[in-house]
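The next part holds the structures, each set out as structure tokens.
Two complexes come next, and they have one chain in common, chain A, joined by chain B in the first and chain C in the second.
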Partner chain A sequence: MRGTQRRWFSISFTLLCLALTAGLLQFVRDRLGDESTFTGWTLLSATAGLYLLTARKKMIRQRLGPVAGWLQMHMYMGVFASCVFLMHIGWPIRGIFETALASAFVFVAVSGILLGVISRTTPMRLAAIKQDFPYERIPQMQLAVATDAHEVALDSTAFDEGATLSEYYQRRLLPYFQTRRGFFYVMFPTGGKRRALLRELADLDRYLGEYGVGSRKHLAKMVQAKDDLDYHQALQKRLQLMFMAHVALTWALAILIGVHVVMVYRFQGFM
Partner chain B sequence: MSTAVEVQRPDRWDHPLTDDMSDETIAWLLQSFPFSDMNRERFSKSASLEDILRNDTRLLELSEGDLVFREGQYGGSAYLVLDGGIRIVLSQLQLDQDRTRKRNDWLQQWTKLGRGLLSGKSWRDKQGKRKKSRTQSKVTRTTKAAKSGTRGDGENTRIFLQDIPGVVDEHATSEVGVGELFGEMAAVTRSPREYSAFAERKSYVLEIRWQGLKLLKQDPEFRKLLDDRYCDRILKTHLRETRLFRFLPDESIDHIVASAKLESFGNLEWYADYRKSVGKDARARIEGEPLIAEEGSYATGLWIIRGGFARLSRRQGVGHRTMAYLGKGQIFGLSEIVHNCWFAGDSPPLPFQESLRAIGYVDALCVPKQVVKDHVLPFVRRTELPPPIVDPRYQFGQPVVDASLDAATQQVETGLLEFLVERRLMNGHKSMVIDTERCTRCDDCVTACATTHQGTPVFVREGPQYGSWMFPHACMHCEDPVCMIGCPTGAIHRDRESGLVDINGQTCIGCKTCAESCPYDNIRMVNAEDCKGRAKVDTNTGLPILQASKCDFCASARGRPACQTACPHDALFRVDLSDLQQVSTVLGKEKNA
Partner chain C sequence: MDSGKQNVTSPRPKPNNSWVCGNFEMGASCPKGPSEDGKCCHAISKANGESPEELASELPCQPRKSPRFSRQDIAINFAILSAGILLLCMTAPQREELYVPGGLSHAHAQILDNALVSERCSLCHPNSHPDAAPGLLQDQLCMTCHTAHIPDATRRSPHDLTMEELRTIRFTPNEQQKTMLMSATDETFCAQCHIEHRGGEHDLKAMADKRCQACHREQFESFAIGHPQFSDYPNIGERRFAFDHRAHAGEYYAKKNEEFDCRSCHLDASQAGVVGSVFRSVGFEKACGSCHTESMRSEFTNGWAFLQLPCLPEELVKSGPSDLADWPLSAQFGFDGQVSFAARLLLAGEPTLPESMRHLPSDGQISKTADEHLEQTASGIAVAYRKVVREIANGGQAAWRKRLESSLTQILARDLNEHELDLVRQVSVGLPPDLFRQIEQHWFVGNEQLTQDSSDLPIPALSDQREQNVFRFVSTTLGAQDDLLGEDDADDDLLLGGWDDDPPETKPSKATKLVKLNAAIHLEEGGWYLDDQFLALRYVPRGHSDPFLSAWGELITIVERNRPNSAAEDTRHPWSKEDLNLKNAIPGSCLECHQLGEGTTSQASAGELWANWRSEKRPANLRQFTKFDHSPHLSLPAVNDCQYCHRFDTDSKAADQSFASLKALMENMQPDDNYRSRLVAMQGKIQNYLGCEFDSIEKAQCVACHRPDGAGDSCTQCHHYHVGTEGFLWSQPMRRAQQK
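And now, the complex of A and B:
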């Protein structure tokens, strides 16, 4: 099945399931049945289905189909579960526990959607950089770039062309090369800093001699290289953080759901 | 607790082909042709003729009808007939067992159908397969399936033909008599068998593995035996299997055999030259490639590629532009010859419009123009022939017209073609490709690979990149696996059925030859471990014992490899880069919808 065909099939199937659930809910409602139990168990089943992706990822040796297929199923089931969740909750939500449970569900759903979006957009942004950097090797590469830049700056003082470049390096570039980018950059990486530094470096040309201009150009390349590395690191880290947040919230939600089910049945006198 | 275990460092002949070669058998073989005619002094003391026979050969006792090998299978051995008679089947031999197997496959297809919906099997796979089956359509004639049976068990199981006269009547066959060799071309060129062979009567055959064959070729008489055999028989088989020649009568084939010239270009062990050329200017590199036919020169013959890859290029400005690469069985120069023979009329003949250069090593056959005109073209369907050249770039006495850079007429964009050829990636039969525009760098592929290979991944998620396509360092199961050339024990070998390149951990002696020969750095040396996961160290030196490690395509687990199934975003897939059609479909301009 081609990508688009599969997408249409999945969307149609999800809508069909939702229509079926809504129809059954109406049926239960018309017969004055227990709507909450019906939607609750449907939601519980759908949520349990979402955990199948994690299980599949752990079972590498078993031939259970490609993970990509399971991820698709996870995403559409997530949409289904979110809609059933809206059918299930009573408005307004009362009580601390119920609020916490609903919030956990919303956070999981939102983080899932965000994860889905950034896992589609991040690869394209990463691929825009000519070279691919493996995440675990980025710190090593950053260090190499910083060392190289330091040597270029030191060498520039050896020629009798003044200390402009080395002074600028110490004041502006040293912190850039030797410090990590902040959390805000990790979340929203931009090229603002690189552009500013490159502009400032280009402005130094009027004070530099022939050798100094050469060193300046080399430093500009280093600035670009460091920015590429930072950009790759930030995007990959953001994706990892988002994934970790989604997984952590998922397990928190599982615990809350368990408690919720026990409480519901205790209130109903079944336990 | 000890984390290492001391063992004796493995040696070249620790695992002979068989343990059954007795002194009497070897003495008898040494008195038989061709070994009796060999000069034993030509062999070194460490690999004497006796040693080669003891370790690299085995005696096969075949009953009437026993199949030695079948067309399409891979094998690293040649066979020498010692007694009896072997018949080779030149046309495709179908067995009744295949049909039964096909019927059973239908059941599996139905069960797969349900899984398909969930599987997310990308359209890439299917497109690739469909195209491949179209491009690989072989010359086959519908024949009755031969009745067959099996005898023996375990490793000694043999398929045998029940109706030998029927097979001989139905197929084009040829006999191999006592003292003659067969099956050596597939072993030497690391390519699939081009015919099937079976014992016509009770026969004794000596199987010689490729490593032994290489050593035996030190003897000039033996080398001559191989060459004569090629001209006598193999060439005919090869021509029969070429699509263009499929309707040719026997007399025409004989004419072609008599006049065709087999030429080799480049070095069979091309990886050394390739390593030296890395980093050189592209123009200098192309100009350094052996020229098979040059654009603008007389179209004197038709070139058929027998092995290796050739670059089809055009001069563009002061450089060369790659138009395509040709692999085994592909033809060069047909358009010009057809044009000159049929459409040129009174106008002067056209020269070659493109150049053909050997990438690494090429075995090519040149059929003279006159022979093509008299013995080939009359037997080829008009619809299969190329159209006349309307707008030639080269005409004798006319200025050369520089072609437009517009790639619309090309199957694959020039940049990608140049990239694949420069890095010799077109050799890859099952190349791993990662779409970096889909890959989230989650490393699930590496984790899955490590899980299925005792904790050590057998590929690296890094490698050359063209645009968004990354070609990681994972074994490509090459069309021409040069890693196999130097292996002294035959540990690195092709699987007989699938053609996948695999390493036998038992016979690998850790000599690093394969790792150093692999032009793509896709083989790594790792510490050898025993079954308990303890590192093996040499008893004498205390140094770790190494073993070659590479992607085995998860051959032991059926289905797609673990890395591919584990990718949550369908970013990792395999492509046959030797098939330009598949490259165009999967990596071409149109990206996945």
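And now, the complex of A and C:
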């Protein structure tokens, strides 16, 4: 099955399951059945299905299909569980414990949805850059670029064409090469800084001699290389942080769900 | 910047490794990497005595956790944190407030807020607290408070009905077709509809229309579209009063040139009933009194001759039984006098009398008795009268009650039930025995024997005796003492042996001239008196709803309704079935309006049947299937005219015979063999006529306002869910009548 077909099949199947659940809920509601129990157990089943991906990741040696397939199932089941969650809760949510449970679910669900979106868009944005950089080696490469830029800046003073470039390097480029980008850049990486520095560097040409212009061009390449590395790092770090956020509350959520189920049945007199 | 190829001296870390070399990011990681417990390879090599040259990195590092394992650490830490917080909350004094899934509705909150925090949950939730009663269901806890107003809800069945009652509404009588589907389960739970913990403003009774249709077969879109038309709403059911609305509106009120206003008879703003301040009747005094009081009083101008001494020929008195020796001289001029049905009932206990009384004509006129039975009947009745008067004069109300009980027991051939005994007590209340003593002393001669023979009885004090003898009637209502008959007091004194000492101060002066007793004037509030002219003991009712008359009416009707079907067995009754005309037997035109009715009855339900004296009043907390409150409707100018909804049926099923003609037919029916069956049929016709006086309300009249964007059209606006057996029976009056 090709990717597009697989996607349409998955979307259709998820919508079918949702329609079926909504229809059954209406049926239960019209028949004076216990709709909370119906949606509750459906939600619990779907949520338990979401944890199967974690279990699959643990089982490396068993032949249970590729993790990518499980991930697909996890994503569509997540969408299904989120919709059933909306059917299950009464609005507005009341009670401190119930609010905590719903918040945890919403946090996991929203972070999962964002993770899905980011994981779909990030490869395209990374592919826009000519070169691939392994995430864990980016700091090493950033260091190399910074070292090269420093040498170019020092060398530019040896041609007696003035200290314009070196002063500019010290004032503007040194912090750029030597420090990491901020959290806002990691979440929303843009080329604003890169464009600003390149424009400033181009504006220095009127003060530079022949060799100075050559050094300036060299520094401009270093700026672009650093920005590419930062961009790579930011996109991948964002993905990593979102994944961390998605995973962080999973077990806490499982505990809250367990307490919720026990309390419901205990208070109804069935336990 | 050679980054694409794998660096063999500083390889990428394996994803399943827990730890990563601290120098990796700078491209100086060791191939060996940190140990599984996170120790740097430099430290391990140093400990093992290996050469540092083998390591790629010149400097030792601080190994870091790999990203995967740091994620797991965070997840586990959050889980532990959550569990800890939850456990902490469970030990907190306010744990109920932390775990409660939302605020209670106002109705419950105001009750439960007064409870201890530790008890609050367990009042509604079983097993929620160690102190909670074990083994209970949540519904049982609900019913600990709600039993009072919805007692049948403990059945936990649809509409709180029994299976038999449900079966009757699930099947139409004729087609045996299901009109009501089974719900998801025949066992219902409170929480199916009443969902708590939705905050104070949440309406626990709010119910979506769709949910009603979960069980009801007849599915429809809304009240306006698809709801069945009303076929018999408001259903009239059985009528207790024969009130002809059409005749009153079109004839009687028109004659008096008065406006026929429904509110004057049905509206009582000071009360609140099941349908607001509108009632079946607001009582005779308010509704009917202005027109009918005078006509009722005129029927009793001289009172009801309960007991009248018959006239006998002088020869019969002299030659007859010795008991008649002292028969009043004024009643010795031929056969005359009337024997009331009540007197016949009183005398029925005499062993030989019922047979002779059956020879009396239906109106009780002795003179109309057939010649061959005349002498025997008249003398038998006279002797019985003599005996009764003497008994009651001596024994008082107890003798009266005993005789009546004896007569009824003999007629009914069974012991009296509680209601019948109560009726006997009611007709004994206020009976003045001193009037019977005066009959003895004034009407019968030779009555000195009375005081001598009654020496065993407790003789009242002389002053009391005198007082009793002076006054010739006693009001049952006021206990009034009348001094109108003081002229005979000298004789009374002599009869009682005169005054031993000083006469009491109350002795009326001989010079006092008293006017002649006139019941219409002197007995305005009702009571007993002696009619010296006709030698009758008369009773003047208090007015409408006189307890004595109504009790007598019930007793006579009970006697009549318990008559054996076979004429051969029918020998105990003091009158033949052809003779009885209930209208004559029960004086005061009671049956003009009160539908005491005919038909079968049982001993147990007798008391309920006689409730027809009063208008049917539904209990204030009654929950019928359909509910309606007149109050908000009557405040609207568009519908405050009662006849907007209650319109006379112009195409009546009984239109061929008017009410008046039906009544006239019934009154003029002649006693014959088929009298009783024709009477029952006629009463049925009258009921039918009254039952279809009004057209059923048109649904469109309600839809005019009751739309989703108007006054609302939800099911629960007009229908109760918690009906129960009582509401079920009240909702279907005819079925209730059939069951009885």
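Note that in this section the second predicted complex is superposed on the first by the 270 of 271 C-alpha atoms of A that agree within 3 Å, B and C clash if a C-alpha of one lies under 4 Å from a C-alpha of the other, contacts with A are read in each partner's own complex, and residues count from 1 in each chain.
Definition applied: contacts are C-beta pairs under 8 Å (C-beta built on N, C-alpha and C of every residue); 3 or more make two chains touch, one makes a residue touch a chain.
Treat the numbers as computed from the prediction; the structure is a model and nothing was measured.
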Message: Which partner chains sit in contact with A:Thr122 here, chain B, chain C, both or neither? Use first/second/both/neither.
response: first
- prompt: Of the two partner chains, chain B (first) and chain C (second), which one does A:Gly3 touch, if any: first, second, both, or neither?
  reply: first
Task: Could you let me know whether more residues of chain A are touched by chain B or by chain C?
output: C
Task: Have a look at where A:Leu143 lands relative to chain B and chain C in the superposition and call it first, second, both or neither.
output: second
Task: For A:Gln131, select first, second, both or neither according to whether it touches chain B, chain C, the two together, or no partner.
output: both
- request: Using the superposition on chain A described above, determine whether A:Ala158 touches chain B (first), chain C (second), both, or neither.
  value: neither
Query: Do chain B and chain C touch any of the same residues on chain A, and if so, which?
result: 60, 131-132, 134, 243
- prompt: For chain A, which residues are in contact with chain B within the complex?
  reply: 1-4, 6, 9, 57, 60-61, 63, 65-73, 119, 122-124, 126-127, 130-132, 134-135, 236, 239, 243
Message: List the residues on chain C that touch chain A in their complex, please.
response: 1, 3-4, 7, 12-13, 16, 20, 24-27, 67, 70-72, 74-76, 78-79, 81-83, 86, 89, 97-103, 121, 125-128, 136-138, 183-184, 188, 191-193, 195, 197-199, 208, 210-211, 213-215
Statement: Touching chain C in the complex, chain A uses residues 28-34, 60, 90, 94-98, 104, 131-134, 136-137, 139-141, 143-145, 225, 240, 243-244, 247-252, 254-256, 259, 263, 266-269, 271
- request: Within their complex, state which residues of chain B touch chain A.
  value: 115-123, 436-442, 444, 447-448, 451-452, 461-462, 465, 468, 470, 557-560, 562, 564-571, 592-593
